[in-house]
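Following are the structures in question.
Two complexes, one shared chain (subunit A), two partners (subunit B, subunit C).
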Partner chain A sequence: MTLHDLSELQRDALIEIFNIGVGQAAGSMSQIVGEAITLSVPIIELLHGNNQADAIGAVVRSPRICAVSQTFTGGINSKAFLIFPEGKTREIVRRMIGESVSAEELSDMEQEALSEIGNIILNSCFSSMSDLLHADFQSSLPTYHLGLVSDVMTVQKTQDDNLLLLLHIDFSMPNDQIHGYLVFLLTLPSFNALIERIDQFLSGIHAN
Partner chain B sequence: MQINDALILTDERLYIFKAAAHQINGGVAIIDDAGRVWFWNKWLEEKSGLSCEAVTGKPFLQLFPEINNSRLALSIDEALKRGHSSLLSQSLNKAPLPLYDAAASLPGNRLEQAIHVTPLECHSRYCLVQINDVSIAVKKERLLREQADSLRGLAYLDALTGIPNRRRMDEYLGDEFKRAIRGSTPLSVIMLDIDYFKQYNDTYNHSAGDFCLQRVANAIKAVLRRPADMVARYGGEEFSVILPDTPTHAAVALAEDIRKQIESLDILHEASDVTRHITVSIGVAGVLPDSKISAEELLGQADLALYQAKNKGRNRVSIYKEPSAVA
Partner chain C sequence: MTTSTIKSVLVVDDSRVARIMIRNIILGIHPHWIITEAVNGKDAVDKAILETPNYITMDYNMPDMNGIEASQQILQHAAKIVIALFTANIQAHTRNQAANLGVGFVGKPITEASINQALEFFASRS
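This part shows the complex of A and B:
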C-alpha cells in the first residue's frame, strides 16, 4: 500500500482553511444562541487503511458516537461528519437550545437542532474550501446518526484506498469547552484532487 | 405529429407534477437564481394568506423583509450561489416565516416550522424551500418534558416528610460545591440527628415516630430563610442542610436556631436520656474556596462533627475543626 501523507505546508494550509470555515460557522452559531461561541481546529490527522473505524474510536475515546453527516459532490467528493462522543452530545444541545434535556437520548427536536449545528459547520468548511481552493461543492441535507463508530461511518472495508481526514474541533463558550471532531471520508482520487488544489493554493501564495 | 404527441405528454407530466406539489401537506416554494418566487404551493397560500399569483416573480426577501440577514435568507443564498443544502430546525430558528393556522377562527401564534433548503440544478440553479408544520410535535415534546420534570420531582422527594431526599441532596450539594469553588464563595453543611429516636419509636410506636419526623422537618424548614438553603432527609432520623454562600460562623448560628426551634416543639420523649422531650444533635462543616476537599469529604466532616456533638452529651451543636487546628 502506498503511504499517503501531508507535508507540513499542506497540513498548515488545511488547518488554515478549516479554521476560516469554522470561524464563519461560529459567527452564525453565536447569532442563533445570542452568546459568544468560538470554534477552532487545532489538529489535523490523516488516517488510512482498513481499521479507520477503530482509529476514530481510539481518538474520540468512545465506542459509541453521535454524528451529523453530509455528502459533498463537485470538485472533490467527500462524505463529511461532525462527531461527538455519545456522552457529550447532550451538553452541546443543552447549550444551544437552552432547555434541559432529561431523557437519555435526544428527542426528535433535539436531534434536528444538532443536525442543524452540524449542517452550519460542515457547509462553512466547504464554503471556505470553495473560496480558497476554487472548487465548487454541492451538499446534501444533513443526516443524524447515533451508534457504534463502525456502524455510523460505514467505511467500505473492501476499498482500502479510502482516506480519512480527522480534525479536532474545540467549541468554546462562556464557562464551557466542548471537544468534537470533523471527519472527511475521501476516495483516493478525491484525496489527490484535494492535494493538487492545496498545492495550487500554496504556489499562489508563494507567487505573491 | 409525433413531436406534438411528445409535447402533449410533457405538458401532462408537468401538469401532474404541479398538481402534486400543490397537494403536498407542507410548504413548497421554488425560488429562481435571482431570488424571485417561481412556485408557491397551495399549503403556503393557505398559511401565508398570499396567493401563488400574487407572489410569483416577486423577490422572496421583498415579500418577507423580516428574514433579511436571517439564517433562512443566508441558506437560500448559499443554495443558489454554492449549491449547499441547509436544515433550519424549529429549536434554533423560532418560526422564521409569518405562517398561521388557516383553520383557526382567530389569528393565533405562528406555526412552528422546520425548513429544508436544497438547490435544484437545471440550466440555471433554483432553490427548493420545504416547510413543515411541527407545532404538534413541539407541543408533544413540551408535554413530555413537563411530565418528566414532575416525575423527576417526585423521585427527588421524601415521601414521608415532603422535603428533598438524599438523592436530591447529593446532586444539589455537588452543584453548589462546584459553584462555590468556581465563584470563590463559602458553603456550609449541617448534619442533624434526632436524639434517642429508636427509643422514641419503641415507646410511642411508629406512627408517632413518623409524625415526629414530619414536625422536625417542618421546624428545620421554618428556620431556613433563603430559597437556596435546602433541608433534606438524609436517611432514618438524620437530616442534612445545605447552605450556599454561608460562612461557617453563620451556619453555626443557624444550627443553634434549629436546635432551639426543635426543642421548643416540646415533643414529649420520656425515654430520652437528655431531657423529657425531643432534642437533636448537630454537626456543622464549612468549606473555604481555596480548600482542597471534595463535596463528599465536606459531608463526612459534618458527620464527624455530629458524632462529636453526640459524644459531648447530645442536644448541642459541634463544628468540624481541622486536625491541625486542634493541635
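This part shows the complex of A and C:
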C-alpha cells in the first residue's frame, strides 16, 4: 500500500482533512503566542512500518528529536507524533512564554509548552478528521520525548503491519521558520478503516 | 428566474474535494448559478480577471500564493468582485487582513452553514 494506491480524490480528501486541522492549529497557536503564525499546506507521504525509526531518522535528518505523542482511539486507532529536530523548538517556546523568563526557566518550561503545542496540533487534526469523517476519537494526554529517534520510536518496532503517515509542515513566525513533522502510526486495519470512512465521505458529497 | 438573479461564482481551492463540496452546496441552493473553478492563487487571479464573476469563494491556505494575496491582486483589477475567504485558520491577523480588503471571512470545514454564511455576505454586498 502506498499513497499511489489511493485514488486522486482519496488522496485529496486526506490532504484536505489535515490541511484544515493544521489551519485550525495555526489559529490556536497564534492566540497563544500573540503573533501571526503560518503553517504550510502539509506534504503527505505514506511509509511502510517495519522500521519507523530509520524512516523518520532519514526524513528528519537529525539523530536526536524532540517529540510529543498522543494516542487516539475510536474507529481508527493511531499513535500520533509531532516531531522537531532537537534544538529547533526553543524559539517557539520563547514566543509562547514571553521575553520575561530567564534561559533556565525557559528550559524548565520547554517540555510543558511543547506538550501543549503538540496537544493543539494533533487534536486539531483529529478534530478535523472527526468533523469530516464523522468518526469519534478519544485521546490520551500528550507525552513528551527527547532523545534518539530509535529510542522515541522504539515502542513500535515489533508491529510489522504498521503504516506511517508522514506530514511535513513549515511553521512560519515573523523572522523565523521551523520545519516540523507530524507522524501518524496506523495499523493496516486502521488505515483501511480510514480509507473506508473517506470513501463514505466522498460518496456523501457525490464526488464519485 | 430572471438573468439578474443568476450569479456567477469562481470557486478557488487547491483541494478538488473542497471545490466539489462548495459547488454542490451552492448549486443545491441556487441551481441556476454559474460555477467555475480555479485550483490555486495564480489560476484564481487569471480566471477572475478573464471571467469577472460576481462572487469568489477563496481558500486561504494554498501553495505558492495564499488566498489573501490572490484576493489583493484580483481586487486591484476588478474591485467589484465580492470575495469570501474560507479558512480553518481563524487567527486575528488573517481576519484583519481580510477585513482590510473588504473580503468576507468564513471558517472551514466547508458545510452548508459555512456556505450559507458566504452567500449571506455576497448578498449583503450586492
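Methods note: the second predicted complex is superposed on the first by the 185 of 208 C-alpha atoms of A that agree within 3 Å, B and C clash if a C-alpha of one lies under 4 Å from a C-alpha of the other, contacts with A are read in each partner's own complex, and residues count from 1 in each chain.
What we mean here is this: contacts are C-beta pairs under 8 Å (C-beta built on N, C-alpha and C of every residue); 3 or more make two chains touch, one makes a residue touch a chain.
Small disclaimer: the values here were computed from a predicted structure and weren't measured.
*Asks:* Have a look at where A:E112 lands relative to subunit B and subunit C in the superposition and call it first, second, both or neither.
*Replies:* first
*Asks:* Does the superposition put A:G57 against subunit B (first), subunit C (second), both, or neither?
*Replies:* Neither partner.
*Asks:* If we overlay the two complexes on their shared chain A, which of subunit B and subunit C does A:G27 touch? Say first, second, both or neither.
*Replies:* Touch status of A:G27: second partner only.
*Asks:* Does the superposition put A:L202 against subunit B (first), subunit C (second), both, or neither?
*Replies:* Touch status of A:L202: second partner only.
*Asks:* Would you check which partner chain A:S139 touches, where first means subunit B only, second means subunit C only, and both and neither mean what they say?
*Replies:* Only subunit B; A:S139 stays clear of subunit C.
*Asks:* Quick check for you: in the superposed arrangement, does A:A36 touch first (subunit B), second (subunit C), both or neither?
*Replies:* Touch status of A:A36: second partner only.
*Asks:* On the A-aligned overlay, A:Q70 touches which partner chain: subunit B = first, subunit C = second, or both, or neither?
*Replies:* first
*Asks:* Touching subunit B in one complex and subunit C in the other: list those residues of subunit A.
*Replies:* 31.
*Asks:* Where on subunit B does subunit A make contact in their complex?
*Replies:* On the subunit B side, the touching residues are 71, 74, 78, 82-93, 114, 116, 118-119, 121, 134, 137-138, 141, 144-145, 148-149, 152, 182.
*Asks:* So in the complex, the part of subunit A that touches subunit C is made up of which residues?
*Replies:* Listed in rising order, the residues are 8-9, 12-13, 15-16, 19-24, 26-27, 30-31, 35-41, 128, 131-132, 202, 205-207.
*Asks:* In the complex, go through subunit A and note every residue touching subunit B.
*Replies:* Within the complex, subunit A touches subunit B at residues 28, 31-32, 70, 74, 96-97, 99-100, 102-103, 107-110, 112-113, 115-117, 119, 123, 126-127, 130, 136-142, 175.
*Asks:* If we count contacts the way the header does, which residues on subunit C are in touch with subunit A in the complex?
*Replies:* So the residues of subunit C in touch with subunit A come to 14-18, 20-21, 24, 60-63, 87-94, 108-109.
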